Structures are given as structure tokens and as C-alpha cells.
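Going in written order, the chains are labelled A, B, C, D and E, and every chain counts its residues from 1.
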Amino acid sequence: MSLLEVKQVNHSYDSKKLFKWKNQSNKILIDISFVIEEGTCLGLIGTSGAGKSTLGKVILGIQPPQEGQVLFQGNDIYKADKLTRLKLRRDLQVVFQDSYSSVNPRMTAEQIISEPLENYEKLTVGEQRRRVIELLERVGLNENDLKKFPHQFSGGQLQRINIARAIALKPKLIVLDESVSSLDMVTQSLILQLLSELKDDFGLSYLFITHDIKAAFSISDQIGVLEKGELIELYDSKDQFFSSKHPIVKQLRDSILAEHPRFRTLTTKAN
Amino acid sequence: MEKKNRNILSVRDLQVQVRTKEGSSTLVQNINFDIKKGEILGLVGESGSGKTVTSMSVLQLHDRKSMDITGSITLHDRELNGLENKEMRKIRGKDIAFIMQNPMNAFTPVFTIGHQFIETIRSHTSLKNKQAKDLATDMMESVNLPDPDKLLKKYPFQLSGGMLQRVMIAMAACLKPSVIIADEPTTALDLHSQLLVLRLLDKIRSKYGTSILLISHDLGVISEMADNVIVMKQGRIVETANVYELFDNPQHEYTKKLLRTRPTLYSQKQPYTYML
Amino acid sequence: MSDRVYKKRFILISAIILILSITLIGCSSESVENSDSTSKSSNMITFAWPRDIGEMNPHIYNPSQLFAQSMVYESLVSYQEGGELKPHLAESWEISEDGKEYVFKLRQNVKFSDGTSFNAEIVKKNFDTILKNVDLHSWLGFIPKIAQTEVIDEYTFKLTLTEPYYPTIQELAVVRPVRFLGEAGFPQDGDTSKGIAEPVGTGPWVLDEYKVDEYAIFKRNENYWGELPSVESIKVKVIPDAETRVLAFEKGELDLVYGEGVISIDSFKQLESTGSYGTSISEPVATRQLVMNTNKEQLADIRVRQALHYGFNKQAMVDGVTSGLEEKADYILPTNMPYTSNVDAATVEYNVEKANQLLDDAGWKLPKGKNVREKDGKPLEIELMYNSAESIQKTMAETLQSEWAGLGVKLNIAGVELTTQVERFKANEFDMNFYSNFGAPYDPHTFVNMMAIEGFGFREAISSYPNKEELMNQIAEVQQTTDETERQQLYTSILGSLQEQAAIVPISYIKKIAIYQKDVSNFTFPANRDEHPFSGISVKK
Amino acid sequence: MKAKLRDMLKSQKVFVICSLILCVLFLITIFAPWVAPNDPIAVNLAHKLQPPSLDYPLGTDHLGRCTLSRILYGARISLGFAILIFISALSIGLIIGIIAGYKGGWVDQLLMRLGDGLMAIPSLLFVIGFVGIWGAGLKQVIIGLILVQWVYYARVIRGMVLSLKEHNYITAAKISGSSTCKIMRKHIIPNVLPSLAVMGTLEMGWAIMNLSSMSFLGLGVQPPAAEWGAMILEGKSYIRTHPALMIYPGLMIMLVVVTFNLLGESLSERFGVKRR
Amino acid sequence: MGTYVLKRIITIVPIFLLATLLTFGMINLSPVDPAEAYFTAAHIQATDEMLEEKRHEFGLDQPLLIQYVNALIKICQFDFGISYVTNKPVWEEITSRLPATIQLTIGSLLIAILVSIPIGFLAGLKKNSAIDHFSRFLSFIGASIPSFWLGYLFIFFFSVKLDLFPVVGTGTWKHLILPSVTLAFPLIALYTRLLRASVLENLQESYVLFARTRGIHEKIIMGKHVLRIAISPMISGLGMNLGNLMTGAIIVEAVFSWPGFGRYFIEAIFNRDVPVIQGYVLLAAGIFLTSNLIVDLIQMYIDPRISRKGRQYQ
């Protein structure tokens, strides 16, 4: 049994306006199907407007799709009864792109991280604090940060707190919705490093949604390309991706910038 | 003497301090660099390292009431630091052009692209409206922007970010400035637009011999574009080097870390991009 | 190109602003001419009134203003000092023995302002029109009693009543509805209750210019049959706010302020004290009364009513509230009216001890530690209703509240709009209410009449009087009697017993005030309360 | 600690001063019977229109009542009823606004439509019309004011909830397994409150002003109750001889409304809430 | 753009219907019997038969829904009924007095605009300068002065003491000044504050920086770019505030004896002249909605983004 199975998901936003002036079809997701196995990471690459975020929400169980099924550990998350859903939810967490808007500005780091713990594990005050400190240390922060408020952290640090909250319940799958995109390069790579460490330590699976090919490849086992709501192709390796003939993939590939000036294609001039 | 002349823009011992009630705090210090004619100087650093402060100092756009700028900034041997606003205004847009990070917010939303294009031209030349318009159209044609007449009539919100960024570059290059400062010009764009914008920048450079100060945190952009690179960290320059040297043989620990930790597509020895 | 678009927008916006400004100036310039044209005639008196003069229709009531109606339309007889009734449009009249037939000889040289002549035909036409809406006018005693109207000859008109009614002549002097509209003023269907065609009257003034809610200018009727007014025109400015009236007068924008309660007494006194203006105060025109509802349990007991009467310092209150402008009243009706001069009733002097005594006697005791009297566990609580727009009523209510609190009586005061006041009074839904009689030329008969007719509130209010039956009979008699002495005796008796029962407490005599610039002279108050005061007035500029 | 307090006093000068003024006013409201030198409705015609004296610190009005006492008791009415209006309107608005914003559905539809209709009628005009039809009186005015206010609160709160819903932390909380009730309690209400505090203080000024306007028109508070608007109405007859009678209550209205507005402004700066 | 205008016009219709429904509800839920009110307002002593007849005439014996539909049909024909007091059509009463009110409101709007634009704009540009302090003072005081109080003080000082303006009447611009300034005061406060805040906000926008880097003259950046955008909230305020102005005019007209409709409205209230009250409330709603529409169109001209996105109707 696969950890996550997405079957034939279709979704479109219908405008609930009284008068329809133009007959627009707003298809966001078209016939999306894929599978994520336990302990693997699926990277989904797409430009803005490709339907990445909607797909993330559908999988997280907060945006029922108009058609299709999302099976998590074999259960349809939209058809499960309340109790099962609560259990499923525990195993399914998220880290969003905008670290600032992902935390309540009026709560301390401790409060933020302990929220899931409060909901699922009845711990004593002391135990809970210990757990939070453990989590903070695990993501590279420390005890001193417990009482700090979000505005006292940098974007990267906040993203670590978001990660700590996501792993607090030891989930099976974490949806990383552009989780590193708004960070600068250095921070980005540090967070990516942390994520792949955590993946190994906790046996996590990721759905890594991004527009950054390099970042996607750095932690993914599988890569999918999403374009205008369609999942174009799925690749098991970089080689597969780089040998694809699909025109959209080709354009994507062409846009990747050289990693060393020796391989530059845009300009040649340099002394 | 001759060597000195080749430096279009020179910055020496630049230090910027901001005065607050608690005292002054230093934003950048000991900044030294030169840009030669036709050179692209890459400026790398993470957010908050002082990249934008530096470029704003060159343009003298800091609020002088609350900021102290010391050191020397010379353009064609002319000292810019401390220059009167009136004089500086003649230089901005004409001799030093600026390309902003987020093109969607850079244009005044209520005026057409053409209006702003013509406005720029006319504030630096004595051209008539019609001539300025022709100049703008020509410029846009020469940088391969499709259907310039139509584009000029559009409002900023009607264009995509990539398109706007290209218009902005055309606008910057239009008066053939000596230096273009491009502050993270591709960060807000998707991959394909990024490619188009970078191509365009290179075209401007080779066509007009414009020098470019290219600020970016993306090493990919730097490796594609820059001739020389300065690496900044916490308001200081930690390393200045030729782009090849920097990538092959980084000296400073910070640079090494930058190169080491970045996500790559290396397969065995070569990056995939090279294979294509 | 884009510049052109920008320019277009700019032009558009400027155009909008320009249009706005032009409309503004347009509005103004139009009226500038008006004000210029009116200020040309120097022999004009500018006068302020709180309301618009209303439709100049002689046969209807609100919102028409009485003084304005009286300027244009005239009555058959006129009410003069002391209740004397003088010929006006009627030169003389005769009343039949049984008091049912009235024959009027009309004045012959009278012309309407449009040049048509005034004759018995038009008198009959006006009467008949009024009679079409008898319900509307039934408050005026003689109208429902009219049996027939006849034209005897061109200048003789005969009125026949169903029963004798002595105040008929007096009621003919009222300002509305029995005044005469010229032929041209009648609308197509002849029913004036819905409006008139144009204001054509016989009066000394003609409406010349009128802007609703702003001003009205009356010109002298140069063809007037009587003595020509000495001023050429009267401008009535509509200024609803009393303070604004004072300020405008002080500024010199007004020549005359006249009326009852038109400006605050304080302002009047202050302006008077400067010595730079002429002022006059009229004779009493009516009595301000406090009416107690004897149907209410607490007030049913005469001792309580008397106690309340004894329990406040009337003299101090009237002096204080009206700054001595009004006079403390001892009698229900002013004594300068017909049949009212020798009412035999004891006047009540301020006496707190007696008041307390009376309340104790009535069983309202003051419990220890409390400050409101109680009887059978019920507190002595009374509500006083007043018109919230009338500052004197309001101030007096507040004063009474404070004074009676000292007796252990809790007075709740309720300010209501006039319509509510009238409504509640009529429906008998009140404990106490302020009231004032109509004044000349209606009284005393109208006031007394109201005691007898249901639906005005009085009859219900005094219903627990022990001598009610007798009172009603006397009232019915007084209207029909043709004997002068008997009438006088009846009035004395009626008014006396009304007052003895203490349900109607006289408080003060209402007076009119007038204040005018120094160049205004010969100002006199009309004897008829509702008439205009412009007959003799003159101005030199 | 002391230094910290001093810092706070310094940086929040406006806030502190305004709070102090309001505290004093509230104390006066509560302790009016002890603070006021005289009975505000005790008529003493012998002492009418007196100049300030020891017995009557601000003199007396046309009925010989103590002006100061009336002003102090007036604070009771103005503030008391403003608070009543505010709290009632807010409670209704908060409940309906949150339900409409969070759950949507027919509550939301009804609220929005009702709001559209009510907002089309200028609010004070609606209140005057309401009072005109239902009869003058304090009760009617208060009901009318609540009637137009709650919709406003509900709509604003609905808007805030809707925009909060867009924040990822609400989604994150949902995914963390928090119940709707907990999300309301921990995430939505605390984040709505500062805006409500700002709105509330500003609306208090609005309520006081409108209450006194209605009293001035003779539609609101009925005599002999001392209310500032009603006092101006009474005092205006003496503007030329005893201007103090109308100037003091007017100044009081101004003082209170300015204080509330300043407080609202400083609160909005503090909480970073945008004023409408 | 055309569709946008059409759309906006169409959205007005249901909102206006809702407003009529609310007004109708307000009147029909009230304890006032229109027939009774009619006779008291006209000072007529009515018998039961007369009341019954009047009720029939007013259609009060019909079901509420039919009454509402009838009222609606009449409103569409600008028939608001007959005033109880003057017996004239309400529409006639309104239109004869409305010009004066419009003159007053437009006068105060113009004053508000002419005063607040320069002050608010300069205050925003020069934060913490003298003019900024003045603007803040103005915006706090202006928003807190009761207009009925200010009006008397104005008359007292400017007309009586200084003899600069006439106390009452209409006609010249001099008559208009004091009432419109009184009416404009809170607006000046509001607009100054709005414009100042908006300018301050816009100065932080990157388009200002970009214009500077292009070497555009500061005067052009501020006077053309910033002002044009910063003025937008003020203009949308204009539409909103026209309603407030109409209400404010009620008080100001009472103080200055201005012969407009507001004054008449107050009289109608004291007389419980229900058709007049209803007519004015609905007319105000109509004017308010139309002025909002016009403001939207002006906004569209100033800011072309609006026709695309549509303005949030608040």
C-alpha cells in the first residue's frame, strides 16, 4: 500500500456570480494521478499558475476536489469518518512558502510548536516543554528561542519553527509548499539540508512543490512537471528528466542557468 | 592614467551609517570596487548583506537627513558623493540607470508604459514628445520587444512581470547610460522570463558597451553573467575576484560555504546544463 | 499619445470641477438679482418668522401662518381692544330676536386686489366652500350650526343658524377659515381645501414675491379700501432658529422681531437693556395653565391638587423663568377679555406648610428615610407633559419638578413633540399637561366650550369634579342665552367653580413681545391675537 | 524597570495622556454624585445665570443649576450611553461577523445584503428617520444608533475574519488538528481584537457626537437630564450674554471626542492597524 | 470599461431595493398609524370613520406585500406620496427645497477639497514639519467639533462681532461661506487625514524610488505620480461622505436658517410627517448610490486599474 495515492483529481474554481459575463472555464487541476511511497520525496515543478498550491491543498484535505480521490494510507481522506480523518491528519503535515504568514504573530515559538501537541498528545506542562525544546534543537534553534515572538526571528529561523511544528507529531508525509522559495540562497540550502536530514531520521515522505528545479532535484527521489494544471511527466531520475523530449520540459531545461562560468551559454565575454 | 580612465565607476572606502535616537549604526563599510567599460560586475550576498544599500549610495538616493555616506563614488572621475540633488538628478537615468527587483511595483500604476518611457527621455533630453516617442519605439524594437506601439499604450498592470522587466531594461538603456545597476532583476520572475531578461542585459552590454552592476543572490545568475564578482557579507566585502577564479578557487570561507551548499544538478563531473 | 490621454483626463476633471462651480455660482447669481431688487424699496420692513408663511389659502390651517393670512384676507367684523367688535367688511349687522338670523350690510367700496368687487355673492361663495368641509372647521362653534347662507341683495348677506349662539359675531373675527377669497382665487373644482388658484384678497397687503422657506415679500395694496399702511412693503424672512433670529436682528438684517416666544426672554431683556432698540410688551393674550387629569388616582383628590397649587412659588417661578416678562396669573383666563373681569375665586398664595398639611390629610405620608410620599405603599409620582420645543414650558416643568420634590412629590417630566402633546391630551393619556387658552377673539366662549365637548381632553380631565353636571348645563346655557347679564353671571360662575376645583391651575399670563430698530415707529399690538401687527407701523430710513 | 517605564511613557506619550484623561472621565462618571458640587437638576431660580463662584465653580444656568455639576453628570450620560451603544453593537456584530466570515452560508448572505441596504442610507439620516417615525427619546436614539452600528461592525469583522482565513497559520492550525472552536479562540479573536479596540475607540467618539447631535435637535435626551448636546441647545439662547453656558459643554464634547480619536490613532499605530 | 459601468449601474438596483425594503419595514413596524399621524399632523380632529376612510385611501387595509409593491411602483414614478402637513406631493416639496441643499453640499465639498488637498498633501510630503503638525491638529479638532456648536460660534464671531458675513439668507457667495465651512469642517479633517496617510504610504512605494532613479524631477514625481494615486482614497471618500453631508446639512440648515431640505426634514420629524421622512431617506439613499457611482467613474478615469479589478464596495 502506497502512503499517498492521488487518483484522477480534477478541480476548477467556479465563479458564484449572479451574472456571468464570459463563459470561462477555470480548470486548475486536470486528471492528476500519482503515488508517493513511504520514505520518498516527490518533487513537483511548475511555474506560477500551474496549480501547485491547489494540488497541495487538495492533498492536505482542506480543498475537496470536484472529481477524483486522494487516498492516504489507503483511506480516502474526503470520505473518511471524523475519527479516521483526525488520525490521518496527524500523519499529514505542511510547511508553507511564506514563513511569516504561517505563524500567528501573537504567539511565542513555544505556543506555535506546542499547538499540535496539545491537540493530539495529552502531555504534562513539563513534558510538553521538553518536547518543544527537543524539537527546537532538532531544527537548529535552542531553548532561548522559546519565548520569542515571530517578529523576533528571521525568515529562515521562522521556517525552522514551521518545520518543527510540522514534525512535532512525527507525521508520515509533509507537504512542502514552496517552503524554501522566498529564502535567500544561503538560508535556502541550509533548510534543504535540514529537510533531507529529517527525512532520513524520521523516515518522512515529502511532497515538495516548487518552481526551483535545482532545489527540487536536491532532495527528491521523483520529479514531476506540472503545467497548466496537468501533470506532464514523472521522472525517477535526473537523467530521465534531462533526456525528456517534451517541449515544455525542454524549455524548462533551457532556462536552467549554468552552475559554473565555464558552462555559461548566455555570455562568453570574460577575461 | 589610462588604466584609471577605463574605470567607469569607482567606489572607494564607502561607508554608510544610519543615525537613530540610540546612536548610529553602520550599514556598510570599506566598500571598494571598480567597474570598467562593458564589464558586468556581479555583487553576491544574502539578504541584509548591504547590496541594496550600496547601490542606493551610488545613486545618492539615501535620505541625507538620517544617513551619513562617507567615501568616494566617482563616475568618469566625477565625484558623486555629496553632489547636489539637482545635479544628481541629471545623472540618474541618464548616466546611471537602475533596474528594480520587482517590475510589477516599479512603474507608476496609473500611467501608461509609454507615458513613463517618454517622461524619462524628456527629462534628460530636449526632445519633443513625438521624437521621444519615436526614440522609445526604436529602442523597444531594437531589444526585440514585440509590437512596441501597442506596448507603449498599455498600463503596467496589463503586462506580465517578465515583459515589464524587459521594458524597464529598454527604458534604462534608452539614453545609453555608462552604468546600469540591476538590483536582483530576475528574482521575481519565472525561469523562462529570467532567461530572456538576462539575455537582454547581455545584449545591451555588448551593443552599447554599458557597464552593469548586477546584484543577485543567485549564483546561477552570477556564473552566467558576471565578469568579476564581489561577495558581501554583513556590510563588508569579503572577496573580490574574477568569476572563474571565484568558482574554481574561492578564497574566503564564506564564499566556499556558498558554493558548497548550493543545490546543484551535477552528475559525476559536469552539470546537466552543460550536457545540452 | 499617452500625454494626450492624460491631458484629456485632466480636462475632464477640471471640467467637472468647473461645472460644479458654475452650478454654484449659477444658483447664487440668480438670487443675487432677487435680493437686489428687493432692497431697492427703502420703505420696507424686514421681519423674521420661524416658519414659511405657507400656502396663502384663507380657508385652511397648518402650515399656513395666521399673520400672513390676516395680511391678505379680511373678515366681516374686527375684534378690538377689550373685546369690542367693530364693523370691517360688514358695515353693520342685525341679529334677530331668537338669535338665529344674522343680516350683514356689506361695505360697498371694497375691491379685491385683482380689481373685482367684494359683494354678497362672493361672501356666500366663501361660506359655502367652507361649509363643504364642516368637519374640518367644526371646532369653531358657529360653523356646524349654520343652517343657511343667503344673498339678499348685492351688498346684503344673511346667515341663519340652527340654534341661537351668541359668540357668532366674535367668531367671525377669527383669521381663518371665515375670510374672503376673490373669485379668481377659487380652483377649478371650487374646493379650496385642496388649494387655491391665486391669493386674491381684500386686505391691505398683496403677496408680491415668495420663495419657499426663504422669504416672502408683501406689497402694499394701493387700492385698499381702508387706511393705507405707511410702509410700502413687508419682507418676511423665514428663520426657524430663535438664536439666529436674535443674531440676525442684532446684525441689522431684521427691522422687527415680533410674536410669542419667538426669541428667548433673556435675549429680549439683554437687547432691551442696550437701549439701542425699541421694545414693546403686549397686554396678556392668554393664560398659561397647568391641567391636571382628575381621572388619575393621585389627582382625583382635590386636596392633592390644591396642595400642588400651594406647593410652588408661582411668583418666583414666573419671574425667574420669564425674567418678569410674563405676569403671575391668578385666574384661569386673562381678565382683559369679555366676561372674565369679575371671577370670584380665591387666589392661592405660596404656602408650603399648607401644602404639606393637605397632602398629609389626603393620606400621602412621608415614610421615614424616604423623600417621596406614599399611600398604601404607592409612591406619589406624577408625570408632567410639556412641548419639548417650548423652552418656557420646559423650564417651568424643570422648576416644578425641583419645587415639588421638596413636598415629597416625585414629578416626572416628559418632553414630547407638539403633535404628541395634543394627541395625548385629547386621548386623556396624561397626568398633567401645559395648556394655554386660545385668547382673543375666541375666549372665553371657546375655552368654556372645550370643557363641555368630548375629545379635547378637558371634559375627561375634569370628569371627577363633583359639580360636573351643573357645570355642563351652565356651559350649554351660556352659549344660547341672549341676555347679557345672565351670560355674565353664568361665566362668572363657570370660571369660578373651574378654578375652585383646582384641576386647572393658572400660572402666568402670556404676552407678546416686539423688538425693533430705532427707525421703526408706531408699533402697536393687534387686539386679535392672530392678526398681523403692520397696520400702523411706519419706518423712516 | 523604572527606566523601562519611563521609556514607555515617553514613546507612548499620547496614549498615556489620553488614557489618563479617559480614566479621570470614567471615574467622574462613576463617582459623579460625590464629585459634583451640586445637584445637577436642582432648580434655584434665585441663583440663575450667576458667574463662577465657590458654590458654583462654573456659574449657573438659566434655572440656577450648577453648570459644573451638569457637565460632570453629562459625562455620565454621554460616556455611559456611548459605551452601551458600543458594547451592544459590538457584541451583536462580533457574533454575527465571525459566523458570517468563518462559516459563510445564509448568515453571510443575509448580513451582506442587510449591510448593503443599510449602508445605502446615510447612517445618521437613518437614525433621525427612525427616531422621527418611532418618536423622539433617548431609547429610540440608542436603538437607532445600535441598529446602524452593528451591521458596520459585523461587516468589518467579517472582512477581517475572511482575510485572516487567507493566512496560512489558520490552515496550519487546522492541519495541526485544532478544532474550529479552538481556532476561533486562539487565532481569530485575539487577532481581531486590536482592530476592534481601535475601531471601538474611534466609534465611541462617533457615538458621543451623534448622541449629542440628536439631543441638540431635541430628539435625544430629554430634560432635565444633563447631556452636553442638550446643554448646548439650552445654552445657545444665552450665547450673547452668557456664552459659557454653551461653550463649556461644547468644549467637553470636543475634549472627549478628540481624546477618543487620539487614543484610537495611537492604538492603531501601536497595533499596526490601518484606520479606515 | 463599458461593461464595468453597466455592471456598477446594475448592482445599484438591488441595493436600492433593499434600502426601500428597510425603510418600508422601519415604518410598518413602528407604532404609528399613518392615518392617525395624518390627522394629527394636519391638526384635524378625526372621527373613527374618517380614520377608516384614510386607511383605505392609504391602502393600509391591504396585505403588507401588496402595500410594499404599490409603494415601490410609486417610488419608481417619483411618487413619494402626499405630505400630511402641506397636502402637497412630497416629491414637489423635496425638489423645491433640494437646490438649496445641493448648493450647500457642493459648496462645502468644494471648500473641503480645496482646503484639504494642499494641506494633506504637503503634510504627507513633509512629515513632522509645521504644516504636518497643523494638519494633524486640524484633522483631530475638525473631527471632534460638533457642527451645531461651531455654527453658532461662527455666526457670533464672524457675522455679529466682526461683521464679515450675513447671518441668514441665501444669495451671494457671502451667505454661503459660513454654513458651508461649518458643514465642510469634519470633511476637511477627514480628507486631510486620508490624503496625508495615503501620501505617506505612497512615498514608500517602489514606483517613487524607480521614478527617482529615472531622474524624474521631484516635483513631477510628487505632483503627478504620487498625488494622482494618493488622492484615490479621498475621492472614494467623496462618494461615501455625500450621505454624511446630507445629514450634516440637516443640522447646519437648522442653525443657519438655510432654506434647504434638511430643515424641512426636521419639521417633518416633529410633525411625524411619514411620507416626507420616507421620501427623504430614500432620496438620500438614491443620491448616495448615484454619487458613489459617479465617484467610481471618476476613480476609473484617475486609476485605470479599477475598471479591471472592480472596486471593493464597502
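Quick note on the criterion: a residue touches a chain if its C-beta (ideal position, glycine included) is under 8 Å from a C-beta of that chain, and two chains touch if they have at least 3 such contacts.
Just so we're clear, the structure is a prediction, and the values are computed from it rather than from any experiment.
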Statement: At minimum, the number of touching-chain hops separating chain C from chain E is 1
Statement: The chain whose mean C-alpha position lies nearest the overall protein Cα centroid is chain E
- request: Could you find the chain whose CA centre sits the greatest distance from that of chain B?
  value: C
Message: Distance between chain B and chain C based on Cα centroids, please, to the nearest Å.
response: 87
Geometric centre distance via CA averages, chain E-chain B, whole Å: 51
Statement: CA centroids of chain A and chain D: separation to the nearest Å works out as 47
Statement: Residues of chain E that touch at least two other chains are 152, 156, 160, 254, 270, 272, 302
Task: Among the residues of chain D, pick out those that touch two or more other chains and give their numbers.
output: 135-136, 218, 236, 239-240
- line: Where chain C touches two or more other chains at once, the residues are 243, 247, 250, 389, 417
Statement: Listed in rising order, the residues of chain A that touch chain B in the complex are 47-48, 155, 184-190, 192-193, 211-215, 217-218, 238-239, 242, 251-267, 269-271
Message: Under the stated contact criterion, what part of chain D meets chain C in this complex?
response: 41-46, 48-49, 62-64, 135-136, 218, 222-224, 234, 236-241
Message: So in the complex, the part of chain C that touches chain E is made up of which residues?
response: 9, 12-13, 16-17, 20-21, 23-25, 27-28, 31-32, 34-35, 51, 54-55, 61-63, 135-136, 138-139, 194-195, 211-215, 237-241, 243-244, 247-248, 250-251, 253, 389, 417-419, 422-423, 426, 455
Message: Help me check something: in the complex, which residues belonging to chain D touch chain E?
response: 113-114, 116-126, 128-136, 155, 205, 209, 212-213, 216-219, 229, 232, 236, 239-240, 243, 246-247, 250, 253-254, 257-258, 261-262, 275
Field: Interface residues, chain E side, partner chain B - complex
entry: 205-207, 209-218, 220, 225, 228-229, 302-305, 308
